[in-house]
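Structures for review follow.
Both complexes below contain chain A, partnered by chain B and then by chain C.
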Partner chain A sequence: MATRDADSTRIDVLEGDREGDESGEAAEANVGWRYTLIQVRRDPTALVGLAIIAFMGVIALIATIDAVVFGYLAQYSFFSNLGVEQYWFARTYWVNPAIDPANPTPLLPPVGFENTFGQGTWAHPLGTDARGRDILVRLFYGTRIAMTVAVVSTVLALVGGTIVGSVAGYYGGWTDDVLMRASETIFAIPFLILVIAFMTAFGRDLTFAMVGVGIATIPTFARLIRSRVLSVREEDYVEAARAAGLKDRDIIFRHVVPNSFAPVLVQATLQVGINIIIVAGLSFLGFGAQPPTPSWGQMLASSRGYLLPNPWYSIWPGLAILVTVVGFNLFGDGLRDALDPRISNQ
Partner chain B sequence: MTDDPLLSVRNLEKHYPITEGVLSRQVGAARAVDGISFDIAKGETVGLVGESGCGKSTAASSIIRLEEPTGGEVIFNGDRASSATTANDERSNDVTEFDDERLKAFRRDAQMIFQDPSSSFDPRQTIGGSIAEPLEVHGMNDRARRRAIVENLLEDVGLAAAEYDRYPHEFSGGQKQRIALARALVLNPDLVIADEPVSALDVSIRAEILSLIDDLQDRYGLSMLFISHDMSVIRDVCDRVAVMYLGEIVEIAPTGEIFSNPQHPYTEALLSAIPTPDPRSTREDIELKGKVPSPTNPPAGCSFHTRCHRVIQPDEYDLEQSHWRALLTFRDEVAEGTVDVEKTRQALGADAAGDGDDEGASDAAVKRQLRTNFDLPETLSDREAEGTLTEALDHLLGGEDDRAGELLSTTFTTPCEGTEPALTDRGTDHQAACFLTESEQSFREPVGVRTD
Partner chain C sequence: MGLMRYTARRLAQAVPVVMGITLITFLLTDAIPGDPVSIMLGPSPSAQQAAAIRAQFGLDRPLYVRYFNYLLSVLQGDLGQSLYYGVPVTRKIAERLPVTILLLASSFAFAIAAAVPLGIISAKRRNKPTDHVSRVVALVGVSTPSFWIGLMLIIIFAYQVQWFPATSLVLPWAPVSAVDGASSRIDVLVIAAKHLTLPTLSLGTLQMAAITRIERSSMLEVLSAEYVKLARAYGVPETTILRRHAFRNAQLPVITIVGLQLTTAIGGAVLTETVFSISGMGTLILTAIVNQDFQLVMGTTLVLGLVFVVGVVVTDISYAYVDPRVSYGEGE
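Our next item is the complex of A and B:
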């Protein structure tokens, strides 16, 4: 029954393509994609993952617009006259007039709880940190850092790994040896030490955190795609492309990579989750977003000293990390099932 | 120039190095293709036939330089390649020496059709895109024109122009092979190399594709190298046939000639493998026994002698041919140490189990069983040979495998394993590499092939 369903969907997809697409190339990309999305739609856990990712993505987007875009626009009188200012969103919807910035109340618990510092209020739904800053707002803006750094570093690794792995796998021989031995060398160095060394050399900046994590994860992707390329390059259509006179570069990026990409895509989704943890770890150690820019890892780090008086301070950022990572993992698993029917049918 | 063959292959070799250890020291080579030579005239179809693993496909991909040959020449006289030569007379027409630019020109002239239609198309590309790709590569940038050419061609191969935007998995194997033909023809080449184009197809579809190939060949004036393991397919399509065994061509002749008068025992065996539609046919099938030797270590002399049913007897013996064959097989296996006396004894013992005899079968029974295993008779007709065989069996049962092997190897030898037979003329355009001469073979009748 399950297989019959899958088949009929497949046919639907294809018929949709034939009616909808005039140009061959648009259809080319669609067959795989739409089929995959339909498969994912049937998978409730993947949908939960997707919902979490979407939720976090929207928050990150709003936070980015509020913190970065508005901050940039506010420099121009045209926009600032319209009322645009940095953290406009937070000020309008968040900052409670009842809060007196001159008299912060530190380490408040969430609403409905009580501790030695006072009673939780709706002014600070999740409580306040050691300096009396609202935890919810900091979480909100921390999402931006976590998502951006994790996604950008994954994309860097994905692109770099795909190039390295596909070239190594396609050419084989000494090219393969040189590239893969170099990857393994990176792999052999403990991950955090590598990134920290990188950031110490170039700067304790978020940009270098992204680049460092990206470079350090290139080997994961390179190995993955290489193993697929090794089998794809033996396919007759690759030979046929060579017989047609295609250049190696075109063969790799038109035929070999697209047909080797599925496991890499799954790994990329999972890697975003892993990178969120890594970035949080870096921030915890002080490498990453520098205060006062809020980030989850740094919140965790500063909450260390207040575990007993106000445990909530450390629970919230931990929970945010947990939920986001689980979201990416659920979606990655769903994607894997959709892309590789052999596993899902077991 | 016009009389020159389109393609001349001369002593083409493709050896794969076998390396060992961290330093990749080369310890040997698999001689996949070991010096083959043949010509293809303009408009001619040459068949290359042989069992799997004999190097047919390697030969094909080396000729078209999908793999770099390790030796020999491939002289190609296609129109475009030739015009490139006149521009600079210094350069020969040897494909193996082509630089990138000339190789690209050569790719326009020589195309390939692959065996497995299911893997010869990129699953993420529409078939129209796949067929048009060679056009794009060779500089036709006008999208609409590419499409028009491909749609035309799709109709030529018996599909609808509307199939342009469909994906490979929507087609059956036969349809995909038609599409593969379209892709091979889209550049209007002079030469098409078809690597087992119909062996993955059903018999009913096979005939359709073969006649389509025939049609298109006439219409486009193609030369073809047609690779197959199936003699009946070869008969339908080819003008001339080259038979390959273990990387070498053992016989080459016009198709009619090779079917009516095969000169090499291997050809004979291949021919006898064609099923006959006549159930009352009294033809005797030739069954080749023994393993195909490895191309890393081909047998000395004639590489076919380890399996040849006509392997030559030295003058001192006059055994029945099948007994001589059995004797040589026995000799080779003993020398390799693959004859396991104890296993034979246990197998016999297991058959006779129940009478409480733990000793297993008696020596005499084991010897008898060994003889049956190797199709050897109870006694050989030649007394001297019989004596040696009995002695060797005694050694074997006594556990002295080495002595048995040595005895057999020194006593029984065949001229076939001495030197390598060269291709010799056996008639017009007919060459074969076998020590059996015309006269010795004249007693033979054509093997089970209707020459209508």
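Our next item is the complex of A and C:
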């Protein structure tokens, strides 16, 4: 339908022409990757993006250790005797992100500010929410949810899209028609609504958020891969592999897919950023991490009731989303520039 | 003539997609736990009553029969009865759809009006301060959730400086007598514009940023094309090149992005309507889902899918209109 022409243009914009940039041979492909790395290392904005991603990744890792690993270890008396408990780290420094503290001081402003509820203190650097829970700690734990869900759903879409797109592009004919019509159909239902309907049908928790967002983004990757496969398919080395009697499956996954992967990697990086926003939107509407598990979207949803008395509450989660997504966008753009010097934005 | 046939062909190609949308929404709705029986009769209905209701809704039939029946009634313009509101789904949609279309239209109008000049200036003053500022604006714009922008706008413009209202949207076509403090149609329009400002900014920023980025890179690409270099070599003034040679060709990828942004924008409308408590399609679909109003879920999803399909077809047609190279498909 209509979207196909539109899409090929977008891909043109995304990839430009990169002939000769990395040709089919494995050795040359390696050189291509090394070249890309060098380019990225020279690009300050890409490095800033990478630094942000790494920083958020570390926070997510600490939060995961705190919530999951410590929670698991605390079951054993050896560790609990050592003082290990779930949210050990958070409890030592601030307050439990999931459970109400004993003495809640709700809706405190950040350090150095004052509102009707009191003065901001270093005990809660970014203030507290309506139940007196520390906002900074909850932001940390929100990072874990945001990063996990966004990355896992992107990987799902990447795998699904690679299979669908490469099969469609390689075989062509009615296989292509059926798969691409199906992709277009999924694409035509507004993304958020599709995921919400999916989650209503199967479950409202995070697992289904990941699967739903993943499935809904398969078409994006499928079409990107397909357009690459269509051009790679005609290359001499694929012809040679076919003549040498290789199975279709081997040709697709050993030769065609690896050589179509560069633009997909760029798209995947950008997609993680998009998915962070979408997952936040879902949690904002009540689809996703269920309370008391803190997520950015859900924090924003509960902050809606306190926009007037404590606007700070709603500023932080949004800033966290903004910074993280900027990181993925900067890195994705840098990667794209490195892969395609022709459309470089420098 | 060619354009007419092209339009007809595009619309014909959209038919399988629309069929697909009905199938997906039907299957998803069918998978939602619970059925109208439990919603209408409460927790423990008698077997007889339940069977009667099932028969009334045709729920005792196999899935494919129900789908076929659903398709038939959709073709007749009947989207069923909303259980929650107790009115036909079409009436509810007719009530809400104009609100969402208004919101989408004003957001895209804002986005295009801001993005096109911003992108062009950015490309023209490449790597100058103006370019950097516009690139940062665009980057932040594509990285910010629209509903958070909405919350921030409410905090600043509705609560702190009190320039614009945050809730109870006034529609420009509302009767004059129904609007507080309005004595004429112009008053209503002014009040409606004020009410629409914050939701428009909230929903339009992402679109604006995405279009700015593509406008800039597309403009840069065109400006480095051979024919532009040639024009420069002939001594054609830079502004003439921008206006007469580069502008039109640079708009092609921009049109594409506008079409593709529509699906994001419809999703964004659900969030924006929630933030600003607007009674549009987005809040309607959420109400439908929360209350397990199956017919309403299917109807609203189908209609929003249609809005997208129509949007993309319109984009494609304007594409063909701007770019004479697009064949109208005779040779394809």
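Following the convention adopted for this analysis, the second predicted complex is superposed on the first by the 302 of 346 C-alpha atoms of A that agree within 3 Å, B and C clash if a C-alpha of one lies under 4 Å from a C-alpha of the other, contacts with A are read in each partner's own complex, and residues count from 1 in each chain.
One rule holds in what follows: a contact is a pair of C-beta atoms (placed from the backbone, for glycine too) under 8 Å apart; a residue touches a chain by one contact, two chains touch by 3 or more.
Please read these numbers as outputs of a predicted model, since none were measured by experiment.
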For A:V326 in the superposed arrangement: first (chain B), second (chain C), both or neither? second
Using the superposition on chain A described above, determine whether A:R131 touches chain B (first), chain C (second), both, or neither. neither
Return first, second, both or neither, reflecting whether A:L307 touches chain B, chain C, both chains, or no partner chain. second
Who wins on chain A residues touched, chain B or chain C? C
Residues on chain C engaged by chain A in the complex (per definition of touch): 10, 13-14, 16-18, 20-21, 23-25, 28-29, 31-33, 127, 135, 139-140, 142-145, 147-148, 151-152, 154-155, 159, 214, 216-218, 220-221, 252-253, 256-257, 259-260, 263-264, 266-268, 270-271, 274-275, 285-286, 289, 297, 301, 304-305, 308-309, 312-313, 315-316, 319, 326
Touching residues on chain B, where the partner in the complex is chain A: 61, 64, 66, 103-104, 107-108, 111-112, 114-116, 119-126, 128-130, 133-134, 137-138, 164-167, 170, 183, 187
Sort out for me which residues of chain A touch chain B in the complex. 14, 17-18, 21, 24-25, 27-28, 31-32, 235-237, 239-246, 250, 254-255, 258-259
Going by the contact rule at the top, pick out the chain A residues touching chain C in the complex. 1-3, 5-7, 9-10, 12-13, 181-182, 184-194, 196-198, 200-202, 273, 277-278, 280-281, 284-285, 297, 300, 303-304, 307-308, 311, 314-315, 317-318, 321-322, 325-326, 329-330, 343, 345-346
